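Worksheet: one structure, shown below.
Labels A, B, C and D are assigned to the chains in the order they are written; within every chain, residues are numbered from 1.
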Amino acid sequence: MGKWFDIVLIFVILFSVLLIMLESVKQIDEEYHRTLLTLEWVVTILFTIEYIARIICIQKPFKYIFSFYGIIDFLSTIPLYLSYVLAGSQVLLAVRAFRLLRVFRILKLVRFLGEASQLKSALRASSAKITVFLFAVLILSVMLGTLMYLVEGDEAGFTSIPMSIYWTIVTLTTVGYGDIAPITPQGQFIATVIMLLGYGVIAVPTGMVTVEFGKRSRALKTGEDKVEKFVHVNTQACPSCSKEGHRDDASHCYNCGSLLNE
Amino acid sequence: MGKWFDIVLIFVILFSVLLIMLESVKQIDEEYHRTLLTLEWVVTILFTIEYIARIICIQKPFKYIFSFYGIIDFLSTIPLYLSYVLAGSQVLLAVRAFRLLRVFRILKLVRFLGEASQLKSALRASSAKITVFLFAVLILSVMLGTLMYLVEGDEAGFTSIPMSIYWTIVTLTTVGYGDIAPITPQGQFIATVIMLLGYGVIAVPTGMVTVEFGKRSRALKTGEDKVEKFVHVNTQACPSCSKEGHRDDASHCYNCGSLLNE
Amino acid sequence: MGKWFDIVLIFVILFSVLLIMLESVKQIDEEYHRTLLTLEWVVTILFTIEYIARIICIQKPFKYIFSFYGIIDFLSTIPLYLSYVLAGSQVLLAVRAFRLLRVFRILKLVRFLGEASQLKSALRASSAKITVFLFAVLILSVMLGTLMYLVEGDEAGFTSIPMSIYWTIVTLTTVGYGDIAPITPQGQFIATVIMLLGYGVIAVPTGMVTVEFGKRSRALKTGEDKVEKFVHVNTQACPSCSKEGHRDDASHCYNCGSLLNE
Amino acid sequence: MGKWFDIVLIFVILFSVLLIMLESVKQIDEEYHRTLLTLEWVVTILFTIEYIARIICIQKPFKYIFSFYGIIDFLSTIPLYLSYVLAGSQVLLAVRAFRLLRVFRILKLVRFLGEASQLKSALRASSAKITVFLFAVLILSVMLGTLMYLVEGDEAGFTSIPMSIYWTIVTLTTVGYGDIAPITPQGQFIATVIMLLGYGVIAVPTGMVTVEFGKRSRALKTGEDKVEKFVHVNTQACPSCSKEGHRDDASHCYNCGSLLNE
């Protein structure tokens, strides 16, 4: 039963995110405003019920309320109510922002990503190096950006140093929008150097992550031939410690050992 | 002889795809419409003969017809006939779509890619991780896209949330068309963050595929010094089990052992 | 105490770089010119004090003055003074360039990046290969650029060979601004070939850096299980040998062994 | 002495390529046409002398003439002479093309890249896989390009299937010029899928090259602790076997053992 609940939950989340997207398309909103609002209310009420049910089922509700998932669940529920409360006041932009907060509902899907994900641990392991790397990239960008600001004039779009730094990062990451592009020969020469630098720069995070993955994969192999497996976990929370991510066939919490209510 | 048949087949396929391409260029189509149509008929008749011959030669024709290659062969043959049948009716767009289906003929070339390709197995092995990764990228894109929709106005091209998400993916993947680009300082700041994020994001699939390739390459080396070899296989189908990909010098099917007809 | 000094230093550096950026934005400069100039003077005086203090504290000041950090410290201090000296003369562009030299203050942050960074050593180890690689890329770019200049006319923006080479590097590095883009079918065909080449080309530095990282990571593991650690080092210079980067709890210089002044 | 000859040669090559580039810039060519032509004649005569000297010094001149370097040396020398011969006739474009052939002089630099380059051997080892990969990318591009041609109209720039395929490769390789970009929602959705595909696609060559580099680096380490070293080789050709790339201190040819003339 917990499994079916999860599947329904995934569809409700995806459906509600789709609603927010459609609402933002002007033509669709104008034509189907009433329908969209009604559906939005249905989703919000479903989420409200889920949120209250979770609080009731868990023995330590405060722990849940202030946990990552608890806050996400709250933020997924509250915006529509708040938009009515605040509608009277004139802070329109704030209301619009609040309504869009609903898009964070998609974070509810994080629950289903699998706890043991190799990805997360590899990224965490190289986080110190990534910080040093980003720091170095920023120092480089500030200097190269200032240089380009000096070399290229306002004509080419390099109107200020922050703008030039923006362009430098666009170039170093090989995104290259082309909204700003050097037009003087000197500027184009420096741009060429920056692009070739970008080659080396883009190699660094790739190298770091690859080595982390390789380590993890070798560890799995040599250690005890542990095979990395994905089991289906559900979103049921342990009634005593509010931990989530139990196996579908679990009868006890993997964290505290207390009985799970079927 | 099977080898010569294959080489002719490759050229006919490439020639027919070239025909479809040339047909789509307006100037060329206007001038040489008759010639192109005639050649298209020649190719279609050749493919029809091949399709019928395959069905006749194989003992279990139904297995072939509903196999991957069987469907591709059918789709490569039928569109021209269908376009005549449907021409009387007014569903012009559907006819155009059907005619373009012929481009799937290029999939007939997959036969020659070699079954034992390391590529395919490496991609399959990391497919679970790739799914998790794409899922995470989509969640990230929805949130960042919504943020940009809020920050940038209609002027910059961020007219709706789906449009903003499209822009976010264009940026995260470092494609960067530049048809939509942030113009406000805040928007450009967030864009910078997204690009730096893109650094890490692009490193993940590269790392995964590299480790998979590395594993495979080490396995080949340590195991029994098996050398990865490419042998030329042809498209002859086994008459009893309709399996393809036999070696040129094979006399028996590698799958069921029955004699291949020379 | 040395620790607090460093933290204050980091903030002063970041603040001063922010000042330079804001100054370059015309609207902000017009409105707050006086405030920005005053703050700039405060920062410059702080840096002057730091520079003089460093010279006084160290026994061999000349070694410091001509060291990397010594030159950076000097360049971070002098521009504002110089801009007044030169203001009388009419070399305005040179003055502007001098003022922007202040942005090199950000290099003062390099001190805090950590000496033992894996990054630096990996890049240095593969520097010979990187040179060969860049050399090969440049040879390729010159030839492909000339080819495109021949094939595409002035219309598409390929006005000279240097411009074509610029475009080729923009394409090979997958930046792709789109300010210049081929318009003839032949040009687009060659562009396609260049992009597919770019695939292979971008793989090379990534591969080299990854292998270097992998070597380093394995060396750490097999050797003596040395764990790569980051300790907090400060910017205090040894009074006798002027070496920087001592641990916070160091009482003696790690380079010459002489006592550090607390 | 051979060493000095090589250094002078490198500078003459770089200088001559610079000449060709400057000549292609209209403003510079108009103003300094005479000077550039004179210098070009000087360079051409130097190359002619070098070419003739090489033929005379080597015992088997025909082997050299039809070798890679022999052809490059010939192509570096002949265009200016030919341009005079052909100037009388009216085939102007051909003349222009011939003159630009001189840019291949840069290939003379390949001599100095070092024979033992890891790069070349790694790329050669994975050439079979790279062919399969490129083949797969082309099949994918033809299908996705046709799909986009069907979905997007002429308005967005998808005027024919070849144009659509060009756009697909621009997108898959993450270059993204933006000269053509989808404008319909369906087109943008497919573009998004193509970009995410591009993630995986770009990972494949990177993975292959990285693994090749890794193998080579491990082989060097485990085998006999051979250290990869770069020694300076010069362009002197062996008088008996015309092999190039001898060490500066070599007295005998490393290939055939015959004495090298000092």
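Convention: a residue touches a chain if its C-beta (ideal position, glycine included) is under 8 Å from a C-beta of that chain, and two chains touch if they have at least 3 such contacts.
Chain identities (UniProt): A, B, C, D = Ion transporter.
None of these values were measured; they are calculated from a predicted model.
**Q** Please tell me whether the contact surfaces of subunit A (Ion transporter) and subunit C (Ion transporter) are same or different in residue numbering, using the over-half criterion.
**A** different
**Q** Relative to subunit B (Ion transporter), which chain's C-alpha centre is the most remote?
**A** C
**Q** So which one's got more C-beta contacts, B-C or C-D?
**A** Most contacts of the two pairs: C-D.
**Q** Hey, how far is the Cα centre of subunit B (Ion transporter) from the one of subunit C (Ion transporter), in Å?
**A** Taking the mean C-alpha position of each chain, the two centres sit 43 Å apart.
**Q** So what's the Cα centroid distance for subunit C (Ion transporter) and subunit D (Ion transporter), whole Å?
**A** Those two chain centres are 30 Å apart.
**Q** Could you list which residues of subunit A (Ion transporter) touch at least two other chains?
**A** Answer for subunit A (Ion transporter), listing residues that touch two or more other chains: 162, 165, 174-178, 202, 206, 208, 210, 214.
**Q** Write out the stretch or stretches of subunit C (Ion transporter) touching subunit D (Ion transporter) in their complex.
**A** On the subunit C (Ion transporter) side, the touching residues are 128-129, 132-133, 135-136, 139, 142-143, 146, 149-150, 159-162, 165, 171, 174-178, 181, 185, 188-189, 191-192, 195-196, 198-200, 202-204, 206-208, 210-211, 214-215.
**Q** Inside the complex, what are the residues of subunit C (Ion transporter) that reach subunit A (Ion transporter)?
**A** Interface residues on subunit C (Ion transporter), with respect to subunit A (Ion transporter): 17, 20-21, 24-26, 96-97, 100, 103-104, 106-107, 109-110, 113-114, 117-119, 122-123, 130, 134, 137, 162-163, 165-166, 169-170, 173-179, 202, 205-206, 208-210, 212-214, 217, 230.
**Q** Which residues of subunit B (Ion transporter) touch subunit C (Ion transporter) in their complex?
**A** My answer: residues 174-178, 206, 210.
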